[in-house]
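Naming follows writing order (A, B and C), and every chain is counted from residue 1.
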Amino acid sequence: MIFVGFGFLMTFLRRYGFSAVSLNMLISALVIQWAMLVRGCIYEGIFKGNKFQVRIEEMVTADFASATVLISFGAVLGRTSPLQLLIMALIEVIAAQVNGWVCHDKLHAVDVGESMYIHAFGAYFGLAVSRVHYNKNAQNHHKGESCYHSDLFSMIGTIFLWMYWPSFNGGGSEGDEQHRAYINTYLSLCACTVVTFAVTAITDKKGKFTMEFIQNATLAGGVAVGTTANMPLQPWGAIVMGSVAGLISCIGYRYISEFFSEKLKIQDTCGVHNLHGMPGVLAAIAGAIMAAMATQEDWGVSLYEIFPYRIPEPDNVTDAFKVQFPSLDFDSGKGWSAGKQGGYQAIALAVTLGIAIASGLIAGFILKIPIFDQVCEEEELFEDLMFWNVPEEEEHEAEGVARKYLHDRNGTDMTENKGTNMVNIKL
Amino acid sequence: MIFVGFGFLMTFLRRYGFSAVSLNMLISALVIQWAMLVRGCIYEGIFKGNKFQVRIEEMVTADFASATVLISFGAVLGRTSPLQLLIMALIEVIAAQVNGWVCHDKLHAVDVGESMYIHAFGAYFGLAVSRVHYNKNAQNHHKGESCYHSDLFSMIGTIFLWMYWPSFNGGGSEGDEQHRAYINTYLSLCACTVVTFAVTAITDKKGKFTMEFIQNATLAGGVAVGTTANMPLQPWGAIVMGSVAGLISCIGYRYISEFFSEKLKIQDTCGVHNLHGMPGVLAAIAGAIMAAMATQEDWGVSLYEIFPYRIPEPDNVTDAFKVQFPSLDFDSGKGWSAGKQGGYQAIALAVTLGIAIASGLIAGFILKIPIFDQVCEEEELFEDLMFWNVPEEEEHEAEGVARKYLHDRNGTDMTENKGTNMVNIKL
Amino acid sequence: MIFVGFGFLMTFLRRYGFSAVSLNMLISALVIQWAMLVRGCIYEGIFKGNKFQVRIEEMVTADFASATVLISFGAVLGRTSPLQLLIMALIEVIAAQVNGWVCHDKLHAVDVGESMYIHAFGAYFGLAVSRVHYNKNAQNHHKGESCYHSDLFSMIGTIFLWMYWPSFNGGGSEGDEQHRAYINTYLSLCACTVVTFAVTAITDKKGKFTMEFIQNATLAGGVAVGTTANMPLQPWGAIVMGSVAGLISCIGYRYISEFFSEKLKIQDTCGVHNLHGMPGVLAAIAGAIMAAMATQEDWGVSLYEIFPYRIPEPDNVTDAFKVQFPSLDFDSGKGWSAGKQGGYQAIALAVTLGIAIASGLIAGFILKIPIFDQVCEEEELFEDLMFWNVPEEEEHEAEGVARKYLHDRNGTDMTENKGTNMVNIKL
């Protein structure tokens, strides 16, 4: 999912497909290894001489860690060098793992689909980097757009992400919770897709659809339901959540992105603010509200499975409670109230945004150090040629064709004019 | 499977890729929700105030329901507006669910891979709609063809459908039946693929292959074995079935499609009649024959697992029978004979075709109501530009190139001739 | 995996995408059936009138058999006709199955990811065929290169192979071994990917990346760890293995391929020697070394599970041994030493290379029989047009555009010059 989905989702730029799909692969491969080490430091204390184990579980969490970095990559796509991206990835993994540790292990805020810890974090980190790297040359750049076939490649990414999103949101849970996560995510995505098509056509002057919206906003439903996916949202709740997500994501692509890039000087190539940022915050708020409203009457045993700190303190556990919920671990309870759990969920969101933006700004300034390759000039932006040996025969052929024609007309060879007549039928 | 497979299979049109892959997604997302509601009405009686549950099972059946609609979409691809497609989808889901309920719950006809209820139904419904919408302008339309890269995108769809077909046919069964369904489908697809390559080359004037055949006819084996996939066909039976399917599908693409569009005025953009229609009917006939020939000696306990109505009536169940097949539910038996089961299978095929064609014609006339956007004119057909904001820089660049050349030659700017010199290097 | 992965990996040629993806499908479909029969002959003796069963297991081994053929296909891609490929496939399957039977059932050499029996065998068989079919016209052929979108299609294949490689290497084992296979393969691939990016940039004159390396060499880690994937390599061992594989694969693409094609007259369209050949041999050597170094102290029960012949002979099994490893089958032991197992692993490598090259040469000469279509002339090579009805409207449109311009300029129709002005804006 990470490789196909994110890789192809970013291929929409007409001259940046090689970089999008390949750097995606490089970053993932590096981050997977790096995240294992960083997690080992944080959770297992390898500084103290301990060792840590590499199991399937570590592989999955490391894979998720690369999603965070790829979201940030989306914000600066086409405006950074591979070296800058690698440095950014190394910094971001540390910040994201620290954030996950603080919010999850210390604040006990739950986030089953990691909408806060991955999506919101990755988006706001990337936007902070992007703010520092604001580049006037990238404004309305003609290569910052798609072409017909690059849009189709991008749809491969969209559809893969769409399909695997239920598994993504349900991956961290089991049993009833997992089933709920699958169904809530699925319904939310369906609703979001329908709303996106409607909104993109309604807000267009000619009533036409735009691929950028379809490629991205259809996925916002998966982000928005991430935190609450394993909670008893009910089908209508999931559909409402998906619809709201589709709506705000479309509004983001239509109006907010321009405001961000022109007024706030925050450029966002893939619109990660609209797909990951705002829906991620929405998910977190929904999670806090659900947590604050959760009661044992409505949720049953799920309440204590999802929020283990709401189990009464060991001294307060009654025998009736033990009989009713025999599967729980009664010694671990802290007796949190609904409001306290909701409050900590909200604090976790604030902490996530704070760490993401602060570390993003720091990373942005580090990347400005000139020893790392910089991509600044207009012709370097959104261009594979900068870092790739691109097959160029199209240009030669097109040039050859044109020369041949004029040659046929004139009886002379135009080779001497080659420089000025440079043909650029770019695909 | 539904999203990637059908979505990309339909991208073969040179100027209709956006619509194919995106409307596919929109329709699926809508139909999944709508089919859950419709099924709730039919099976659970929500009219009577009952509620129904949304489980993984409902999600899968709703997903299958969208396959039916997408097959019909293939028949009218490029000749309808998004609004018409949505109306068609809403009508078709109701008709298809009623048909499934009649055939499966009332006639007790089995169809494990849903070759009748999905493939044949979807194809003939779509063809009926297409007949009503016959459009002379679409005949031999130059945009009703593929280009090099659109054919490759389409192969992504083919290969995904091919790969997941065994899971599709085996999804509805368990244990031995499921294993049989996997193996029969796999062998049938292999045989069908080999036959398709052979037939497409043999029937071509120059002995060359044609992508349209490879993209579609290679899948006919999966459809043709759908009804009988879980029955003891034997490997040779599956291979024969796949070979016959490949043969008739190729003949369909080569000869029958033209006859349909020119004589019967039934246009069929994707050739769903050849891929889903005829192989679906073949599957149903094979299912009826197998059912009529099935004996306890040959099939053992599978006979009663596949056809539960063939279990003897409760009064006629002998003790020896109970000892031999302890896993069966002896109270549910109706004592049907092989001939009766085979007959009901055949009746189900007739009912399916009848409901599909009748409801398709009705839907076709409803879609002609002018309040729904109509796509009629030659330049509107098979064209993404009608409903999409398509990136058009290719044209500008090509135009710019040409202008630059002439400018270099003449020392004058040709901008004033822009209108007449409009360049159209379409990708 | 076989279909998507190999199919699209080979689409990188600019004018050979149809053949690559479709012939891949044809060969797989044929080989799956043929391999079942061949395996039936070898293992079940259907010559003696025995029957054999077709189970899921047979389907998987038959699917793997097609991987061997597709690797050889990669070596001769674009320089053979479909008929030649089919003949080659039929011969190769027999040779590969005999090789697998000799090495696995007679020499008892283990190869969990089949790096020897599939990758090394397929590569050297294909190279032997390619040597016999050396064709001067194919040297530095301009169509033997990629174009921008064909490289992106090829990345679809790369990413699918990458993702599913852990399952491929782990598919043949269970429990602890399977977990180890997943993790070792995953880490090896990650390390290989990072090294590949580094080496491709470092060895390039301008420090740029090249897609050919990324598409292929990133996968070498999966091949190189194939034989030892289920052994206790430790994370660092897997990372070292992947890094070495990436390094030699890149060196292969950069320097060795040219040496092979110019000096040894062995052309290798996809560079299978670099991706499958050398890493496969590396895997086999690593397997022999691991086997020769394996001790009960380090490996525990895994030693006897992976190498069952190392269980002591029935007479020498002590009671303490039985108590320590109760799950083993003590009657099957042969009491092999570490050195003996390692030696047999090395012999298996030699046998594999010998059979592959010998049978490849024989197949090569058989394919030269003129009754099979030959592809020799320069314009026939790497060209879909030879065997496909390719949509050609691009050319017509481009031609039309050019004619229109000159017409507008001259007031005359250029149709009479059509032949000489043939435009070739190939995509």
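Criterion: a residue touches a chain if its C-beta (ideal position, glycine included) is under 8 Å from a C-beta of that chain, and two chains touch if they have at least 3 such contacts.
Quantities reported herein were computed from a predicted structural model and do not represent experimental measurements.
Asker: What's the rotation, in steps of 5°, that superposes subunit B's Cα atoms on subunit C?
Answerer: Superposing the C-alpha atoms of subunit B on subunit C needs a rotation of 120 degrees.
Asker: Is it true that over half of the residue numbers where subunit A touches subunit C are used by both copies, so same, or is it different?
Answerer: Subunit A vs subunit C: different; shared/all numbers falls short of half.
Asker: What whole-Å value do you get for the distance between subunit A and subunit C if each is reduced to the mean of its CA atoms?
Answerer: So the centre of subunit A lies 34 Å away from the centre of subunit C.
Asker: Quick one: subunit B and subunit C, Cα centre-to-centre, how many Å?
Answerer: Centre separation, subunit B to subunit C: 34 Å.
Asker: I need the residues of subunit A touching at least two other chains; which ones are they?
Answerer: Within subunit A, the residues that touch at least two other chains are 149, 156, 398, 425, 427.
Asker: Flag every residue of subunit C that touches subunit B in the complex, lowest number first.
Answerer: The contact residues of subunit C facing subunit B are 3-4, 7-8, 11, 17-18, 21-22, 25-26, 28-30, 32-33, 54-56, 59, 82, 149, 153, 156, 387-391, 393-394, 397-398, 401, 404-405, 408-409, 425, 427.
Asker: Would you mind writing out the residues of subunit A in touch with subunit B in their complex?
Answerer: Where subunit A meets subunit B, its residues are 14, 142, 145-149, 151-152, 155-156, 158-160, 162-163, 179, 182-183, 186-187, 189-191, 193-194, 197, 204, 206, 208-211, 214, 218, 235, 239, 398, 402, 406, 417, 420-421, 423-427.
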